[in-house]
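Chain naming follows the written order as A, B and C, and within any one chain the residues start at number 1.
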Amino acid sequence: MMQLLVDGIVAASFITLGVIGLSMVFNILNFPSFAQGDQITTGAYMALAIATLFGSAGSAGGLSVGWCVIIALPCAIVLNSLLALGIDRAIYRQLRLRGASRISMIMASFGVSLMLRNVIVMFAGQDPHFFTFDIQPALRFWGIRIAVNELIVVGVTIVLVLCLHLFLSRTTLGKSMRAVAENPSLARVNGIDVDRVIRWTWIIGTGLATVAGVLLGFTVQLHPFMGFELLLPMFAALIVGGMTNIYGVLLGALLIGLVEGLTVEYLAPEYRQAAPFAAIILVLLFKPHGIFGEKA
Amino acid sequence: MDIASYLVFFSVVAGIYAITTLGLNLQWGFTGMMNVGVVGFFGVGAYAAGLLTGPDYPDSLGGLGLPPVIGYLGAMLASGIVAFIVGLLTIRLRHDFLAVATFGIAVCIQMLAMNLKPLTRGFDGMHSLPRPFASMAATPFLSNLYFLIMVLAIGGALLWALERLVRSPWGRVLRAIREDEEASAALGKYAISYRLQTFVLGSMLMGLSGALYASFMGFISPQDLLPIFTFQIFVMLIVGGSGNNFGAVVGAVVIWALWTLSETVLAAFLPPELERQASAIRVVFVGLILVLMLLYRPQGLLAERRNISASPASTSEKT
Amino acid sequence: MTATEPHLVVEHLVAGYVPDVPILRGASLLVHPGELVTVLGPNGAGKSTLIKAIAGMVPVKEGDVRVSGKSIRGIATHALVGAGVAYVPQTNNVFTRLSVEENLELGCISDIPRTRERIEETYRLFPDLARLRRLAAGRLSGGQRQMVAVGRALMARPSLIMLDEPSAGLSPKMTDMVFQKLLEVRAGGVTILLVEQNAKAALAICDRGYVLAEGRDRFTGTGAELLSSPEVGELYLGSKSRLAS
């Protein structure tokens, strides 16, 4: 039972890192981005490419795999953010300027999602990749087993979530983002540059997605669908937690992670995807605005 | 394959996809409901047809060996029922929730197809599904040709029926609901009932196209239920012209042509090791077309026609 | 800049949400530094549109808007604060999910180091807000929200503040209180442009007023003049009576 809880928390961590970006884009740009999952994937593969470059250069200098990835992570964050900003500039912003409907934005994100995924297949193929082939050490205590990597995942997630909370509640940019999420017009009247806030939304959301991708790649493996598979759980976390309340969303991620774990354990691993979906339907039936949400 | 056979084969598939696109046009083009689970309803229809018309497989439940036409009707019934249930659950939702929910449904349907082995034969899928007129056709080419004629007949009839439907007062209500979600919220139950009707009707068309597909290919498996299919249908509709039935058909033909042509072109230019990359390139290419269309010609090739629907009260009538 | 140079000049403004349908059809007004000028008019006259056009939120087809001699026609809304102009919208004028203090803080992002001292000054002007500072703005009453909105607008130390019907939805007692505060603000040297539906209350505190009708300025004068004018009375009350009676 405790093992289930632990596994659930690990799963929830990946969902959490991804869903923050999804929630920010949803609240500030007003559409659910179907490409959020694939941004996780691009982040992971970018880190892999950079780490491989460093590795082949660094193995001469004796750099271990761990260090290569630690150097690659910030580079991947920068690259992935630039990619996201570029996509926004070229596609979403153009649609915004033309007064496109939410549906068009959703469709465009669907297109972006497919393109990102398949560009990765073009360059890296369909087969899985790995950051390292070393066996991961595992810790055992209190009757539960947790890999060191998984512990790192949970730890990193907790730290990043705390940073996010401080950012949103203490910094001017954070408060500006909350303001824009609620009322962009009033934010402008206050002197807030909404375009700048939008840029930072992409940067922060993509940065967290990149971390999620690298951690996922490290803990499991890299393959072109790795992020896309998280999309439904992320949507579930967003809906269950109430679209507008970021803390509700975090709780939603935890719930979904646990429910997934339970499904895998008590039903069958193949039905993993059904759990978040069932959660979505159940919540929407009884609480159309999510458990912690408010009327739009 | 010679040109004639290739064209017939191409036209059948394009025709089948055109029917799917007409279904989506009803839901999204006319009523503004974003069904991101198109492939799910397609799959329900295909598997329903498989269960009804397939041979008695030794390792699973299905295969009643009924005539293909029963399969087609059963497919429409099955997808209609599923759509009704799904609709009841989701019809009140805003666009983005509806998109997410229907997306999830399609994922679940694919998952069920994969895992309910006693019913669906899982990964292996159902094979040896019959076509109508199979006994009459002397050669495979003739069999394909008869099938094409049937698809064209069905498609033509549907097109005519849909055109009449959208010009009717019923169709006007749909457009009103699409244009103004707030006003339709004020209409309350009235609007919900209309949206549900459209959802079910559109899904029945998707189910029919799934059954036709399974019948034509003679085979259906979970590999046919990937999300990319939904994407292709949306591109067909957007390129052809959302809100225009003829646009739906044109879009299906154009995009299917681009899809298959790009396969041939890429196969000619790329060495065989890069075959996997080739299909990825095709998707990127079509994705690019979608985005470009959304940016530069969102109304599609055939824009929606501002039509004056038949109304006994209006003095300037145009039927 | 001489003492008599107007602070705000609106010249023959033609503007509307949709290009072919202008709501303002050549409206003009001017406001001198330190004045409290009110804009009145029946519904549909274009009062709100006028303020929004000045704020760059409604497209302007013809005419000009100048603040301290510089044209701000078509200004990007977020540049208003930098131009010394604050705008208090009629509805949705506070961030309901943020606390009172956070709302005020956001008013001062153009000058972050001074935020703390300005917040304290705002609390001196609106003592009730100090008590409510940690509460989410959405939990406040209408009158309290209006104070937050005005306080927020003042945080950037604007030279001109524009308010769109601040009395809307308020009881007469609350309206009086808000208007008293506006007088205190004016006493601090801030120029005020006040669009109002409540003609009597607005005319009682203003220096001068304009009456808009059908997108144009029809009458102008001091508060007393407009109160006793029969034409203005007719516009509002539909007969030859006076607002003051």
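Please note the rule applied: a residue touches a chain if its C-beta (ideal position, glycine included) is under 8 Å from a C-beta of that chain, and two chains touch if they have at least 3 such contacts.
All values reported here derive from a predicted model rather than from experimental measurement.
Visitor: Can you tell me which chain is nearest the middle of the complex, judged by mean CA position?
Guide: Nearest to the common C-alpha centre lies chain A.
Visitor: What are the two chains with the top count of C-beta contact pairs?
Guide: If you count contacting C-beta pairs, the leading pair is A-B.
Visitor: Please compute the C-alpha centroid of chain A, do the same for chain B, then give the distance between them in whole Å.
Guide: The separation of the two C-alpha centroids amounts to 32 Å.
Visitor: So, what's the distance in Å between the C-alpha centres of chain C and chain B?
Guide: Taking the mean C-alpha position of each chain, the two centres sit 55 Å apart.
Visitor: Could you give the separation in Å between the centres of chain A and chain C, each centre being the mean of its C-alpha atoms?
Guide: 44
Visitor: What positions in chain C touch 2 or more of the other chains?
Guide: Touching at least two other chains: none.
Visitor: Which chain B residues qualify as touching chain A in the complex?
Guide: Residues 28, 32, 34, 36, 89-90, 92-97, 99-101, 103-105, 107-108, 111, 114-115, 228, 231, 234-235, 238, 276-277, 280-281, 283-284, 287-288, 290-291, 294-295, 298 of chain B touch chain A in their complex.
Visitor: For the complex, give me every residue of chain C touching chain A.
Guide: Result: residues 55, 57, 76-82, 87, 89, 92-98, 102, 105-107, 109-110, 112, 152, 156 of chain C touch chain A.
Visitor: Quick check: in the complex, which residue numbers of chain A touch chain B?
Guide: 26, 31-32, 34, 91, 94-95, 98, 100, 102-104, 106-108, 110-112, 114-115, 117-119, 121-122, 125-126, 232, 235-236, 239, 268, 270-271, 273-274, 276-277, 280-281, 284-285, 288, 296
Visitor: Contact residues on chain A for chain C in the complex?
Guide: For this pair, the touching residues of chain A are 172, 175-176, 178-179, 182-183, 185-194, 244.
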